[in-house]
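For reference, the structure I am asking about is given below.
We call the chains A, B, C, D and E, going by the order they appear; numbering starts again at 1 in every chain.
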Amino acid sequence: MADAVVVIALLLVAGAATAAVVNRDPVRQALVLSVLGTALAVLFTVDQAPDVGLSQLAVGSALTPLLIMLAVRKVRRRPAESGEDGEK
Amino acid sequence: MKAPATLLAVGEVLAWWAALLVLWLTLISTVHTLEWVVGACAAGVGALAARAGRRAVSDR
Amino acid sequence: MNGWILAAAVVIAAGLGTSLWGVSTGPLKRRVVAQNLSNAIVCPGLLLLAQGYGRTSYVDLALILALLGPVGTLVFARLLAGELADDPPSARVPTWTVAAVGAAVVLVLCAVTGPGRAMVKLLVVGALVVGGNLIASRALSHGFPGVDRG
Amino acid sequence: MHVLPYLIAAYVFVIGCYGLATSRNLIHAVGCLAVCQCATYILLLAVGYRDGATAPVFSDIQPGSRPVVDPVVQALTLTDIVVGATVTALLLALVVQISKRHGTVDPDELRELRG
Amino acid sequence: MNPRARLWLVVLGGAGLAALLAAACLRLPRFGGGHHPYGDRAVHAALTRHTANTIASVNFDQRAFDTMGEMAILFAAVLGCVVLLRQARDEHRARPRPAEVAPPVRRYALVALPVALVTGLYVIAHGQLSPGGGFQGGVVAATAVHLMYLGADYAALERVRPVEAFEAGDALAASVYLVLGLAGVPAGTAFLANTLLPYGTFDKLSSGGTVPLLNAAIGMEVACAVVVLLARFLDQAVEIEEESGK
């Protein structure tokens, strides 16, 4: 039984990692990375590593998305000539 | 600052402090003296942050 | 004892699997909703795992997820407010389903735990996860009406 | 089952590298690097796992009452995650700086600029 | 090189890497095996020093010197971000307009801020007992402060977060770690050796010798570092604008 839940968590992580790579838009990738972080936290819990799971939750749920979204916002606020879609 | 305003501010911080101390006591598993001291300090920090946050939003 | 792990496996596989599918396909508004629900459904899963492994200290994981998960959704709601404003996401049925699952899991675990400090902690986690989920859903649909930059 | 976690770790690493190599946006590339980092966490924790064991945290169990998993790899992973996040931040800061100086975050366009 | 040739090169290299990794996986000790010589010794050492959370003992006692290295990386990364994201000469600051936030969201942020802060402090303080520690709790506490930006606006965040104080706190926490490590040296023990304080009662806040103190120093360091880091990013994303005539 304990093995089954490890396998489920591993497959979810593999799926989330694939989705994070194939979503080419940084905003959508940030959303997938957030779910990947949650899946990793589940994997760490079933691997009996609650400390690591806490670390992953603390970093992955809010900090990393915030950093990526702020970088995206800064890059998109460039003048329109650069080819990026500018200010809404 | 006028006296009623000061009293109100102290009341707000104290209310937050008590609530956060209760939260601390629910989070921990065994209670002893050092736990009370650390919990009271942490709740104090939280209470001051709560008041600072509310003031930052409402006073403008 | 293994029944708890089985329940956790079902909740996590179904909930996180669906969220993963929702977050990697479809329009942006569906993706943000799926991201929010992934946090809200994994939290009861972690509580069930803690019960299944017989470790009360694993509850801290669910506590942190219940606190920071909605914060992550608020990040997206805040910084994507412009994109989401024209076509706000509304997912009443999934949101309330997930909230109901969370509440049910917490109540069952409380009944098993019995009165005491651990039960209060479980109730705190339950309140945070259900409240955070609902507030984050609210934030996604018209949560930031006047934010375009800053 | 005996090698599945290792294979998943290898798969995650390779797919992250693929994303890194084919990325057309530096922010996306930084995200792919984060995926590569995940592979190291999976590998380390898989090495330390022990069947039927629990976490080596004795606040709620008696020491010696249950077998425990390897704490050394967990300690390595734990610091790795937080430090990895700040390194991600440093890379994102570099991306912001590149976008300021060159007006683009597409690696191919950057290469053309360099000549 | 044209993109097509590059893709083929990536596929070729990736296939080789995948084959090598798969071959390596087959030779690793099997998943879930019972042979963990280092782990067993680390658990034993942690128990003799009355530290309930073995991972905290490994991080702040047995491998405390490595953790100092991790802290140095953290410190250097933050320093790098501060340098990279400083305000350049051709940029100016523009005050962002105050944001309009739905009342329930704002109320949630105001309530969740102290709750998350206290939870972060709890995770730091109980690092040597239950899962958690300075690294995790520091990030939680720092994230809590940024609820002010998410639930209100940037001006409100700046009122509750004096960046200079957090920069000083970052440096102070890093030096506290060093000083705690050096404190044992005059007494004739090694740098960062956990012999300074009594080990205390098992499963109490004061147990583990210097572990709780180093843990608290790391917690403060991480919290301050994350706040400073996010402050730079927020400055760039929200306030700093380039001169239009560039």
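By definition in this document, a residue touches a chain if its C-beta (ideal position, glycine included) is under 8 Å from a C-beta of that chain, and two chains touch if they have at least 3 such contacts.
Values in this document were obtained by computation on a predicted structure and should not be read as measured data.
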Requested in this report: Treat each pair of touching chains as one step and give the shortest count from subunit D to subunit E.
Outcome: 1
Query - Mutual neighbours - chains that touch subunit C and subunit E alike - result: A, B, D
Query - Selected pair, greater C-beta contact count between C-D and A-D - result: A-D
Query - Separation of mean Cα positions, subunit C and subunit B [Å, integer] - result: 27
Query raised in the report: Just curious, how far off is subunit E from subunit A if you go by their C-alpha centres, in Å?
Result: 18
Query raised in the report: In angstrom, rounded to a whole number, how far apart do the mean CA points of subunit B and subunit D lie?
Result: 38
Report summary line: The positions of subunit A in contact with two or more other chains are 2-3, 22, 30, 48, 50-51, 53-55, 57-59, 62-63, 66-67, 70-74, 77, 79
Query - subunit D: positions in contact with at least two other chains - result: 1, 4-5, 11, 18, 46, 48-49, 51, 54-55, 57, 59-60, 68-69, 74-75, 78, 81-82, 85, 89, 92, 96, 100
Report summary line: Each of the following residues of subunit C touches two or more other chains, namely 53, 55-58, 60-61, 63-64, 68, 71, 75, 149
Query - Every chain pair in contact, whichever chains are involved - result: A-C, A-D, A-E, B-C, B-E, C-D, C-E, D-E
Query raised in the report: In their shared complex, at which residues does subunit C touch subunit D?
Result: 53-58
Query raised in the report: In the complex formed with subunit A, which residues of subunit C make contact?
Result: 2, 5-6, 8-9, 12-13, 16-17, 19-20, 23-24, 28, 31-32, 34-35, 38-39, 42, 45-46, 49, 53, 55, 57-58, 60-61, 64-65, 68-69, 71-72, 75-76, 79-80, 82-83, 148-149
**Report entry** subunit E partner contacts - residues on subunit D that touch it in the complex
**Finding:** 1-7, 9-11, 13-14, 17-18, 21-22, 46-51, 55-60, 63, 67-75, 78-79, 81-83, 85-87, 89-90, 92-94, 96-97, 100, 108
Query raised in the report: Which of the residues in subunit E end up touching subunit B in this complex?
Result: 98, 106, 109-110, 113-115, 117-119, 121-122, 125-126, 130, 144-145, 147-148, 151-152, 155-157, 159-160, 203-206
Query raised in the report: Which bits of subunit E are touching subunit D when the two form their complex?
Result: 3, 6-7, 10, 14, 17-18, 21-22, 24-26, 28-34, 36, 38-39, 42-43, 46-47, 52-55, 57-59, 63, 66-67, 70, 73-74, 77-78, 80-81, 84-85, 88, 126, 129-131, 133, 135-136, 138-139, 202-203, 222, 225-226, 229, 232-233, 236, 242
